[in-house]
Each structure stands twice: as structure tokens, then as C-alpha cells.
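Structures are listed in the sections that come next.
Two complexes follow with chain A in common, the first pairing it with chain B and the second with chain C.
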Partner chain A sequence: MASMTDADLATMTQEERARALGMTTEQLTGKSLYIEFDPDAEERFTYPWAPEVDFNKRTEIDTDDMTSTEVNSRIRALMAEGFGTIVLKNPRGKHSLGVGILSRLNLIVEGSTGYFGVGLIDGPNVRINGRVGWSCAENMMSGTVMVEKNAGSTFGAAIRGGDLVCRGSVGSRTGIDMKGGTIIVGGDTGALSGFMMQRGRMVVCGNAGKNLGDSMYDGTIYVGGKVESLGVDAVDAEPDDHDRAWLRRKLTQYGLMPEQGVDHFRKIVAGKQLWNYDNLEPNEKKLIL
Partner chain B sequence: MAGTQYRGSEITDVDQFLNDADGLVSEREKEIGQHIGYRYDVNLTPDYDRLTPFLVKYMEVMGWDDLNWLEDVHMGYEDGRPAVFDRNNNGWVRIPDAISLPDNQQDRDMIARELLVKFQMSDRHPLTSLRKAYMKF
Partner chain C sequence: MCGIAGLIHRGKRSNVGGEMTAMLQALKHRGPDSTGYAVYGEPKEGGYVMRLKVAEAEDMDRGRGIHRVITDRIAEVEAILDEHGATVKSKHAPREYSLRYVLSHDGDTGDMAQHIEEVDGVEILSMGNGLELIKDLGDASVVAEAYGLDDFRGTHGIGHTRMATESDVDIKSAHPYWAFPYNDVSVVHNGQITNYWIMRREMERKGHRFMSNCDSELLAVYTAHNLANGVSLKDSLRRSIAEIDGVFTYLVATKDQLGMAKDTMAAKPLVLYESDDLIAMASEEVAIRAILPQEIDTFDPYDEEVRVWQA
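Coming up: the complex of A and B.
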């Protein structure tokens, strides 16, 4: 297995490749799945397969006559050539632009994007000068996304990490099912924001619509303006100095620090009343068993 | 009836789950034989005064002004051993005994972040083999 080269693997079927690399479906009984860190691991900052890019190497793509797939393929090709800053011109609201970028990159979109823009990204820093449609940066893993104008609904759906920022206002269900990361809204957010939130932080500098944080399991929501209503199991908590220091740092970083500071921000967390850890009470189990 | 109120216990000591792997404190936890909730504070935001030199360099390479996705990485505990959850592997990765643990969660979290980045970027991460076996393009 250790002597298997990439050239050898390329000649195999997928099943043969998986077996040659030790990925089989045999019984795991009696085997340990524990993995331990190597304390002497090499200092490496990017994935082994990530292209070597230079932020100072810049290029542009005029996307006017291109499909989304062609644009995304072109971005990958340019990254393979070492371009670390790519500007997309004339995006004209195309859907799914800049999805699946899994390494460091500065991506600048000069205009507005359609649905599912920059989804599934892991590492890049994205600036969008216009507006974005539904589900911008859904399933984002890491990196930063800055939207200069307004965003549609389900902004940052299921985000897992990174900073997603909208300087304007966003639609409803912002950060639905978010599992990590930070969503910052400079303006207002719509109804059901933070719905089923499991982890991470959401900061709304303006007002929040009804049912904020409905059915949230964990995570924190900070709101600077009015909250129309809280959702099921979303409760107020007292912000402490650590919260305020974090808010100041984050909002200053993105140029969204309110004139009156952060002392007026309200903190919303899960009441943990919906936490279920077993389907049946022991007494109920006894009745059945 | 289940699910009507929080009946887990609170984390009171940084070594709580090293000293007591089961972590059954509340009456409800003892009753069901299962610890309720996370074994670390998932909402704890990082103290930037405690960054390690490696993490400072990582932020610089990635072009970030803060820890970005690593703000959600903490040191947790698996079977009474310190460990970090690796989302790319969907499992825990243990801290070797050779690494001594600081006496506070913030410094432990910084160690966890550094080790996790080094592991994810190394050739021994399972994702490297998975990519070779299953990547379609």
C-alpha cells in the first residue's frame, strides 16, 4: 500500500483504488478507531492538494458570455496557474458563482450574484460589491465573505465556519441550521433567523423579525436593534465583558461598529428546554421491555 | 415527560471530564446513565491574547484578521482523554500524553486549534486517502 504511486492508482477502478488504500467494508470489531495527533507534525498551513497561489498575482474574468460552470472551471484553472486574486466582472446575477473553492484565494465579484453564490467554500476571502440571492455561502466551511449590499433569504444556511458579513439587510431564515461560524448583518434580518441554530454566532446590528432563534439548540445571537419576537426556546442571556470584547473586535474588523458601541446589544441563547437525549423515559422503557 | 426542561449538569472545573470520564452529575444523568450536553463550552469565544505563534502565522497565510473557523474549535474529551473533534474526519483525535495540558480552557483551546490545523494539512489525514480513492474531478 505504501509503495502505491498516484500513477498506479490512476490505472485502477474506483473500487480497486479504495481497496488498495485500505478502505474496505470488513468488520471493524476489535479494531481501534482512535487517532492521535503527532506532536512533531510539520508546520503546514494549506491542504496538501491545494494549489500554490500568490495573493499579489491578480487577474480578471469577464463572465458576461459564460455559464456558471464555465466561470467556476476558469477560477480553478487560474488558481492552478498560481493566481491568488481573481476579479469576476459582469456577473449579472448568475447562480452558483464561486462555489466549492477549497483553498486560500481573494475573490472579488464586481456586481451581484444569484442563488447559492460562493457555497461550500473552505478558505477564500470573498468580496461581493453588489447584492446576493438566496442561500449565499450555504455550507461555508471557512474563509470570509463580505456582501456590500443586501442579501436574500437563508443567508449562510448550514454554515459551519468562517465569517459571513452583509453590510445591508437580509431576508428571512438567516443562518438556518447553522453549525458554526459567524454571520454578521449590518442592517435588519427577517423572520425565523437562527432557526434550528446548533452552534456559532450571529450578530444583527439592526432589527430582527419574528421568531428569532426558533428551536435553536445552541449558539449565540446578538441583536443591536429591536426583536419582534423570540422563537420557541430562545431566551435572553446577560452579555459579559468577554462577549462585548468579542463583539467590538469583530464589528471593528468589518467596519460595522455602531456609533453607540456594543453595550446595547441583546444576547439570545438556547433555553435548552428542547434537549432530548433518550426517546423514552426509563419507566416507559420498563413498560415495553 | 422527556424534553420539557434542561436536566443536565454544569461544567464547573476544567479537569472535570478528565477526572470523571462518565460525567454523570445531575440526577437525570445518573438515571439515564448518559451525560447530557457537550463536555466543553461550545460558545466560548477565543481570548486573542493567548494565540500561539503558529496560529498567528496561519492567520497571516490565509489572509484572515482572526481565527476564523478555528473560533469554533475547542479541546474536548473522549473517554476521559483530551481530544479535539475533527469535522473533516467526523471523529475525535486524541491529544498525545507527551503534550502537557495548561490549567485553563482558553490555552487548551489554542493547543487544540494548532494541532488540528497541522493534522488536517498533513498527509496522514484520512481525507488525503479518501481524495485519492474517491475524488471524481
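Coming up: the complex of A and C.
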């Protein structure tokens, strides 16, 4: 498997590629999906089939009379032509804009998007000059997303990597089920933020609503303002120098550093009282006892 | 999943009918089953606008006998109007089963409304000085065209596009709901009410009537009950969050007010736009952008949030 080169993979269809990478049911029943580490092979920072784009090649799409599908296909077509900076004009709250971009790209949205904006992305740098609706950057794998205005609920649901930043306030259930990466909110966040969080960091410069970090497994939440209430098994921790240094670096990077610094930030982590992984299921107990 | 929208102009009138149509058409994907409007026009001094339906849209396909039934029902309604001393100033039927009367009446409109609804198959959709409540099957453009809503001047309005989940696709289960028999009060709702039957029985014990099995009707009845007992709109909205279970966002409009409430989970969406002379809200931003194409600032209200705006 390690002998497969990126050039080979790029020429294949999706199905052949999946087979070549070992993702078949026959394989799953016997062997694992483990790909042997090859110290000579270059690390795959990009997908082998990702188009080569040049950030200096810039173009615009006027999305006014287009459907979301047409806009997303157009983005793909332009990336295939090598455009590395794409500006979306007049989005006017359209849903599902810029989803599923799996390579390097500068995407600039001049206006506001609706639900599920830039979901399932892996790599692009996105700047949205307006507001975003529910579930922005859902399941994001890597890259950066900057939202200049407010965001809706479930901001960064289940994200796994990258930096997701909102300068304004966000709705409820921010970072629900997040599994990695960083979410930074310049304003306030609503109820049940960080619900069932599993990994990663969330920074809220303003206030947080009720049940913050409810049922979180792991991960860290930093809050600069007031917390209305903590959720089940979310507990306060003492921020140390590492936390403060990280906060300073991240907040300065995105121009969100509060005037009074970062010393007032609260740190919230999982109390791990709900960790019952070693407990047996009732039917397993029956077998043993 | 339904779509709700509302807008209120402060200190001026506008083409509310056309604006609501644009917003609701943009929300069509949230529910194509039926569309409803509650728009507030120039108040009729000493008069009332009554909108009613004398049959369901689907009844029209059930044989030719329905035309006779409709004529009989209308005659019966008009006899009752006469009995209560109401004078019909104008009568208009946008669809055979849907009528609009302009009345002048001095007595108890609630009593008259109850009497009219005793006629089998007749439901009053709305009654009020300014309120016009229109609901029918189809999307916003279909309903707006049939009912001449593309040019309707007024101060505020709420609307709804419905995806039927808990009750039938018919006019009686469509939104908005009039807060019977409370003049000029209407409700649209997006969500599910989980203590519907408990609350409905409680309201029925207090003497309120339910015309459908749609959970949203409860909110209209509940609001009517509170307002009749001297509770302000804002307090009624606040109380509902504590007393009604489920996930919901709903809008209430009165003669000169528009209010919103969101449940404790904030599980149903609403996007708000506020400026000095216009407040617009909808389930999705795309609806607000249908009437405000320029760059605007919008936000989501939080859990348990209640707001009321004055026209």
C-alpha cells in the first residue's frame, strides 16, 4: 500500500482509490485499515487529487441568481483552473455555501451565509464578512474560518481541527460534540455550549449561557465573562502559565485580545465523574458473575 | 420543520402583504404544505373584518354536492350575523370556501363568533379591526395570488409556511391561528409542544374551544386566555416558557404589537433584524434578505428570550 504514489491515486476514480487505500469490506473483516508508515514517503499535507491552486490568481462569483449547488460546483471548477482566491458576492443568506472544500483555497464571502456554511472543509482559509446561520463549519477538519459578524447556533458542531473564529456573538450549543481544533468567540455564547465536547479548545471572550460544557468528556473551555451555569460534570480548573500563553497567542493572532489581558479567563474542564468506561454492560455482568 | 416570519414597521405603513409574500416564498423549502398570513391593515373604525372558511380545500374534490352545502352554510352564517345585529358592509369570496366580510357591529363579537361556529363546517379564521388572516394550501405565491396579497398596506404581519408533522394537511391545521375570540390577536409557531394534551385539557376546562389537533393552536388559545385575564403580551410570552413544554419559537401579533418567545432549549431557529423603523424576523436569514437585499446586521435571540415591539 505504501508503494501507491500520489500520482497514481490522482488518476483513479473514487471507488478505485478507496479500494487501493484498503477501504473495502473484505479488508475490514480480516485486516485493519492500518497503512504502514514509510519514513521516505512525503507526509500527505494535501489530498493527492487536490487541484494545484495559486493564491495570487483571484476571481469573483456573483451568487445572486445561482443556487447553492451551482455556486459550489463553480468553486470546484475555478479551483480546477488554478484559482486560489475566490470571492463570493451577494450570498444573501444562502445555505450550504462553500461546503466540502478539501484543499488549499482563500475563500472570501462578502456578505452573510445561511445554514451549514463552509461545512466539511479540510484546508481552506475562509473569511466571511457577514453573519453565518446555524451549523457553520460543521465537521471542519483543518483550515481557518473567520466570521466578522454574529453566528447562529451549533457553531462548529463536531469540528475536528482548524481554527474557527467569530468576532461577534454566537447562538446556542456552540462546539457541540467537538473533537478537536479551536473555536474562538469574540462576544457571547448561548446555552449548552461545549455540550458533549470530546477534545479541543473553546475560547469565549464574552459571557456564556446556562449548562456550559454539559456532559463534556474532555477538552477545555476558557470564558472571559460571566458563566450563567455549568453543565453536568463541567468543573473549574486553575489556568496555568501555559494556558495564559496559549490564550495570548491565539487571541492576538485573530485580533481579539481583550484590553484587560487574559488573566481573568476561567478554565472549565471535564470532572470525569461520568467516565464509566470500565463498567460492564448488564448482559456482560451476567456472563461473568 | 416549519418556517415562520414576521415584520413590523414603526410609525409608518408599507406593502406588508408583498413583503410577507417575499419572505414566505424564501422559506418555502421549510414547508410547502400550506402558507398563512396574519397581516394588519388600517383599523376599521367601528367595524370588523371577519375571515372565515365554510369548507376545507379538499372538500371541493368530493362531488358536486359541496357547492350546495357551501351556499347553505353561507346563508346560515348571514342569518346569524343578522340575528346579532351585525350589518354586512361588504362581502368578498377569494375562493368558494373562503370568505371575507366587513361588518359593523356594536355587541359582543365573541358571542357572535361562537354562534357562527355552531354551523357545521364553518370556522372563523379571524376577526378584528385591522387583522386579516389568510391561510390556504400551497406556497406563498399561490396563496398571495388567490387572495390578492401582493399589495396590502399595513403596519405589521406574521406568516408561516407549514410542513405538517403532527396533524393533517388542511386549512384548519394551517397557521397562523387566531386567538379566538380575542380580536386582532394571531399566532405562528415553529416547533413541537410536548405537554399539548395536558395544557389543552386545562384550557378546555376553562371553556376554550379547539378546532384542530395541531399543537400550535394551543399557543393561540393560551395567549387568548392570558390576554382576556388582563395579562400583558410580554408577561404571557414569559409565562408560556415556564408553563409550556417542548421546543418552540413563536410569534404573536396584536393590533399594534409583535412579540416573540423562544423555549428554554433554544432549539428552534429565529434570526432577528432590528432598525429604527423596521424589525424583521424569520427562521432563516434568507427570508429577511428577500426584503432587505443590502448588507445588514442580524443576530439569533437566546434561550428563554422574550421581546415585544410596538408598531
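One rule holds in what follows: the second predicted complex is superposed on the first by the 240 of 289 C-alpha atoms of A that agree within 3 Å, B and C clash if a C-alpha of one lies under 4 Å from a C-alpha of the other, contacts with A are read in each partner's own complex, and residues count from 1 in each chain.
Here, contacts are C-beta pairs under 8 Å (C-beta built on N, C-alpha and C of every residue); 3 or more make two chains touch, one makes a residue touch a chain.
For clarity, every value in this text was computed on a predicted model and none was experimentally measured.
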Review point. Looking at the overlay, does A:Trp275 come into contact with chain B only (first), chain C only (second), both, or neither?
Key: first
Review point. Is chain A touched at more residues by chain B or by chain C?
Key: B
Check your understanding: Of the two partner chains, chain B (first) and chain C (second), which one does A:Ser172 touch, if any: first, second, both, or neither?
Key -> second
**Study point:** Contacts of A:Gly180 with chain B and chain C, given as first, second, both or neither
**Key:** first
Check your understanding: With the two structures laid over each other on chain A, which partner does A:Gly143 touch: chain B (first), chain C (second), both, or neither?
Key -> first
Review point. Who does A:Gly219 touch here: chain B (first), chain C (second), both, or neither?
Key: first
Review point. Counting only touches as set out at the top, which of chain B and chain C does A:Trp134 meet: first, second, both, neither?
Key: second
Point to revise | Partner chain(s) touched by A:His95 [first = chain B, second = chain C, both, neither] | key: second
Point to revise | chain B/chain C common contact set on chain A | key: none
Check your understanding: Touching chain B in the complex: which residues of chain A?
Key -> 6, 9, 14, 17-18, 21-23, 33-39, 41-49, 55, 104, 106, 123, 125, 141-144, 160-163, 180-182, 199-201, 218-220, 242-243, 246, 249-250, 253, 269, 271-282
Review point. Where on chain B is chain A touching in the complex?
Key: 1-6, 8, 31-32, 34, 36-38, 42-43, 45, 47-48, 54, 57-58, 61-66, 68-69, 71-72, 84, 87, 89, 91-96, 98-99, 115-124, 126, 128-134
Exercise for review: Please name which positions on chain A make contact with chain C in the complex.
Suggested key: 90, 92-95, 111-112, 114-115, 130-131, 133-134, 149-150, 152-153, 168-173, 190-192, 209-210
Check your understanding: What part of chain C is in contact with chain A in the complex they form?
Key -> 264-267, 269, 271, 284-289, 293, 295, 297-300, 302-303
